[in-house]
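In the two complexes that follow, chain A is the common piece, with chain B as its partner first and chain C second.
Right after this comes the complex of A and B.
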């Protein structure tokens, strides 16, 4: 098992290199990268700018596309410089001036954002808690509702509940998030209709005199609409998976034996079949870990919440290359790690699986 | 059975996790309490320090009184009341002296029901990236800076003339190309250190330093030859050549910062400061009150050298979604809102809404304008008859009424009709498709087999670049496309993401583009219209190269006499109108909704000025 883990970890490196290289090249060749800030006013209007050339040169220097004199650096060199800056490879000091680079990283430096002039790591640190909170709560509710729903649908297969549940979750899945978000804000946060929830943000304006409970309640109250918008579409997939997997197991011999023994349907389903049906859900769960910090652009923009999705979106629009690459690296690492964890969980959950 | 992981175990683990989460939350809460205690302690310390200073001052006064004070005779001739002086000097210059710092024409102090207090909550729209002076690149950062930093002179919002603000007087000395400013006495920064000539010199030094990221400002400031300290309160700013915006550049461009808080060794260090903002203005910026992603709170500067600022706090929220912002306004979460044209049409004319809120719609001289620019390097747009004809094919008044719902107004050139630079005698090209077709025919265009106009083997077919996700631009472009099609002009609409659009303009890789420029009271046409700006990715991306226009621009920039200068601008306007390098679409009106509890909110010509607003005691919401 240990050798398996080590082998997997070692295999992650070329995958990561390939991934970051592809991202690097695609991003550098995208149009609009070299132009830099266009001197935008608040309405997107422009202001006449005499110093454009100088501005562009500085901008490209900051992104690592040209060197100090203004000559373009070839793309492969840019990539190596980026790798070196990010992982700070250990250089072996041979003679006074000669230092041989080795592929041994000594640290991680995710770089500095071009728009915000702050280290990317700080930006990430600021935003991950918000996104993680939203995602964790949303996942909790999705599982809470989808799993029992799927189980019930499997137990009453073909009957009215199964059909109704399938239809409802599919209908919810089909509704576009942007529209639902706008509707929720427009109807439930609008003094002209029903003002139940706040329209934007995560906190009220005046939180000076709030006690701990008031503050937490205010925070939760602000979270309701975004969570609803994030959650409603997730029921369909999960509950269908659960239903399919349960049906598979309900027709197995051991389930029929248990039923024959005299156990009620409920006990059979929850105590015996449920565990075995969880195996496919483990695969789905791997999507959660990178998704935790992925964030949803639509919801964050609509509710004016500063999260990771909004950061990724804004950086892409502004062609903020260091941030885009750092986010790509982070999500790549998380995806690969979560795949590894999934496989290990399989080994634990299913005695038929062994990696030795 | 005992070894199995049952539901009870699952519940147990969940409860355990909840307990751990609760512990962390409690830690967070203790942290919050600790920082509030620290704030309290700092506040109390500040109060006791102020008290100490006050008792020191009282002691000093008592000493003076003990030594006897001479009472002046009641001779009015000895100390005449200080008056404002604005006079022309011998060599054609101007001397302006204001004994007391000017207040706005509608200063609220003294108005009925005036009361200090309450908060003003406004929506900034987007969070500024950084607020450090001089290097802030976005308009949101400068909104914050305007509350904290001040300049030597300011523009009177009604007369639009420059009045000395931090300076008590300014003098224009044309013979020496110099502007002389004398600082007021008894003005200080928010930490009570007095503002001296050294701070002014330092502010200019920083703003003009190569290496500091202030490219746009520096392109104007490079015309300054020297900044000299004459004495502790007097500064001379000498230009290398006469420039009509000299007074504005010398006195209103560079905000005055306290030298002692902005020391650095390397300009890169300065460029990396994101939140160092200290000044002499009515509000204080405190890093701790910037709740990232939510709002930025500005607190009243209790040490402000001028009249006490009205609001206890100014809260700037960052709500980017327009619909959410409107609803936040309607539910009272924010106190003012700039509506989109749709929102204004829906609510601004609804009797119920107007009764319960304050609604404004007005024309502003600095509103900027929207246009379609033709790339004059392309042969199809090379001659002015074609360009004029294209303008005449479009019913601009119709667009303004229907598509823009009457919330924009007509322009004939690159200036707002409300400013003096605009030539009032120029009439816009009329909407006359028949005449336009004749013009096109006269220019050599004939309809080919496809129904498209053709000349010298080239079709009048091109792509119009518009910024994507901008529904206004799309609707205008769609209308224009249809009108052009009827006349045989084939236009394709090409929506592009803004950064890509900018790149194409920089590299001159476009046929036509629909964009907007921001405006000013009197702008320098050099960046947009001079032939020098047509190269090197300058802002003259349409390639407007006209000898007479160049001459007029250069002469205008050097002309310090306003009447002569305006004549030059008027002729320049006529040249641009004739050459039609742009299809000038319209200028936008300003619209605003304000919460009913505020008084004294009428807009000036240049816009709303919330330093004039106040809330009577009884109506105050936040205490």
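Right after this comes the complex of A and C.
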């Protein structure tokens, strides 16, 4: 087991390096990256505009594209500089300001956002709770509906409920989020039609004089539409997995034995088969981890929720390079970690799985 | 299909020995057709394809034909003109050629198939037909692409209508929807964001353009992006996955790391990063969606090849000393590719969804090009009034298209997967 974990960790290293390399290459080879913050903005006339040239030079220095004298640094060196700055391959001893190189990373510095003028880490810390709350609630509802649905579909395999449930979840999965979102906002959060829900944000504008209960009610009221939009698409995959897994187990010997003992179909399904069919769902359950932080770009943008997805979208528009790189890096690391946890969970949950 | 495919089919699907005449594909298509909803989904995609090809004849500001009063040598005469045909762009013409060639392929193959009746020669027949048809398509398309320049025509539906009213024109035959996708109502007419009316059956958008016309023209973007992006994914995925599955060991290890690298960054974030730094014209979007979507296909092809490389016929092909590319692409690929079709179908659905999402966010295809996503975008944000005519129809189109692809994918999986056949 330990060797397995070590081997997996060792395999993660090249993937991580490759990921950083890809993020670096995408960004550095793009046209116009070194031309200044918010690359799409007005550049002024480039010739003779000393201030502008100075600004560009500073920008390029910050990105590690030119050194202090303004000489170009070769691209492979740029990569190592970026890596060095991001993962802090150095330590600063007490009472000195000399960087001593170390072979392993001592910390992570994600740089500073160009448009918010704040460290990226702070931006992320601000936004993670919002996104995580949304995702946890939505995932709760997905499981609440998809698992029983999948079980029922498995129990009634081939009959009309199975077919109808499969089609319905597939249809829900195919419904475009932006369509449902705009329709909900347009028809249910619009004074023109029905103004039942608030259309944007997660709080009322003025929450100072609210009591705790009022505040929580207001918060939940704001959550309704985003949660609906986030939830409905998730049923298909989960309930399909659940159904397949249940079917697999229902045809096994122990299920037949339990049935032969005289247990009712319901008890066999819920007590015996259900617990065993949860095993394949570990994959999906751990797959949630990166999703918790990832956030949905469309939903958060549509409902003006300041979450991670919205951050990603805003920084796309502004070409906010450090933020985009950081978001890619964070989610990448999380995905790799969740892969590892998945495999470990399998090993813990099912002694038959061996990793030698 | 080639010979190995038939072997696979008889082994996996048809255990009954005395039904030799049904090939793998005949069995699969039969199983697919059994459910009515599969047929409906297929018809919907076919309809969208036809729409994409023939949309210039459905929604166009130019009339098919019109008689204009012109002064020739000092005397007034009526001249018959064909503005719609004169205004067809190179893309319109190429799409028409290609679809004509597809129909021709069907008939040529049918004719050849009768001559080459034995199964061994059917592949020859198909190859021959393909060569003829692709040759014809290329020899028509390339000159068109090079030499076709569409003449500039300042007239649109409004001006033609005025000329008809003033008596400068007569005998006009218009298309069903008389607006091109880029034709705007004049600013002074104050007809922006107007609800459905007799002139504009689905209303107008923020630039005074006809929503229905844009809805129809969008089919072209959607079908084009779906097919081309998935072709790029398929090319990358099949090559990388095939090599991984065939060579195992080191190649597999490296290849899987590459797959993991691409999979570890969420696709939508990856697409956004690409779009932020590499612009967003339609070609770029296709390429970006293509190079971010190949990992699933690669995984699948790898799994298939891992299974296939131990099969007897592959070992035999290697043993008689066939070159590597022949073993890989002529013997293994036709068998390994069958289940990939399912992944591809789901992939197209995903691509259509991504494209609409990007256009909805305003970072998709560039503005004058119509797209269902960008139409949805114009339906209004929370602060504005809600323009339902710009929301309902485009969203429904996205939904139906994605749903249809997903149904086709599910149907094909049920039809191809032998395990499910056994259960039934």
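Some observations on this one:
The criterion applied here is as follows: the second predicted complex is superposed on the first by the 303 of 356 C-alpha atoms of A that agree within 3 Å, B and C clash if a C-alpha of one lies under 4 Å from a C-alpha of the other, contacts with A are read in each partner's own complex, and residues count from 1 in each chain.
Here, a residue touches a chain if its C-beta (ideal position, glycine included) is under 8 Å from a C-beta of that chain, and two chains touch if they have at least 3 such contacts.
Remember, predicted model here, so these are calculated numbers, not experimental data.
Of the two partner chains placed around the shared chain by superposition, chain B and chain C are both touched by A:185. By the touch criterion defined above, A:116 reaches chain B but does not reach chain C.
By the touch criterion defined above, A:304 reaches both chain B and chain C. In the overlay built on the shared chain, the residue A:155 is in contact with neither chain B nor chain C. Of the two partner chains, chain B is the only one touched by A:202; chain C is not. Once the two complexes are laid over each other on the shared chain, residue contacts for A:273 go to neither chain B nor chain C.
Look at A:212: by the touch rule set out above, it reaches chain B but stays clear of chain C.
In the superposition on chain A, A:170 contacts chain C only, with no contact to chain B. In the superposition on chain A, contact is made by A:19 with chain C only, not with chain B. Shared contact residues of chain A, touching chain B in one structure and chain C in the other: 31, 33, 182, 185-186, 189-190, 192, 199-200, 301, 304, 317, 319. By the touch rule above, chain A contacts chain C in their complex via residues 11, 14-15, 18-19, 22-23, 26-27, 30-31, 33, 166-167, 170-171, 173-180, 182-183, 185-187, 189-190, 192-193, 199-200, 290, 294, 297-298, 301, 304, 312-313, 315-317, 319, 324, 327-328, 331-333, 335-336, 339. Within the complex formed with chain A, the residues of chain B that make contact are 7, 25, 29, 119, 121, 125, 127, 129-130, 137-140, 213, 215-216, 218-219, 271-272, 274, 291-295, 315, 317-321, 323-325, 327-328, 330-331, 333-334, 368, 467, 470, 497-504, 506, 515-518, 523-524, 526-528, 533, 536-539, 622.
Listed in rising order, the residues of chain A touching chain B in the complex are 31-35, 37-56, 58, 115-118, 126-127, 130, 182, 185-186, 189-192, 195, 198-206, 212, 216, 270, 301-306, 317-319. Residue ranges of chain C in contact with chain A, taken from their complex: 37, 257-258, 260-266, 268-270, 272-279, 349, 353, 356-357, 360-361, 363, 373, 376-377, 379-382, 385-386, 388, 391-392, 394-396, 398-399, 402-403, 406-407, 410.
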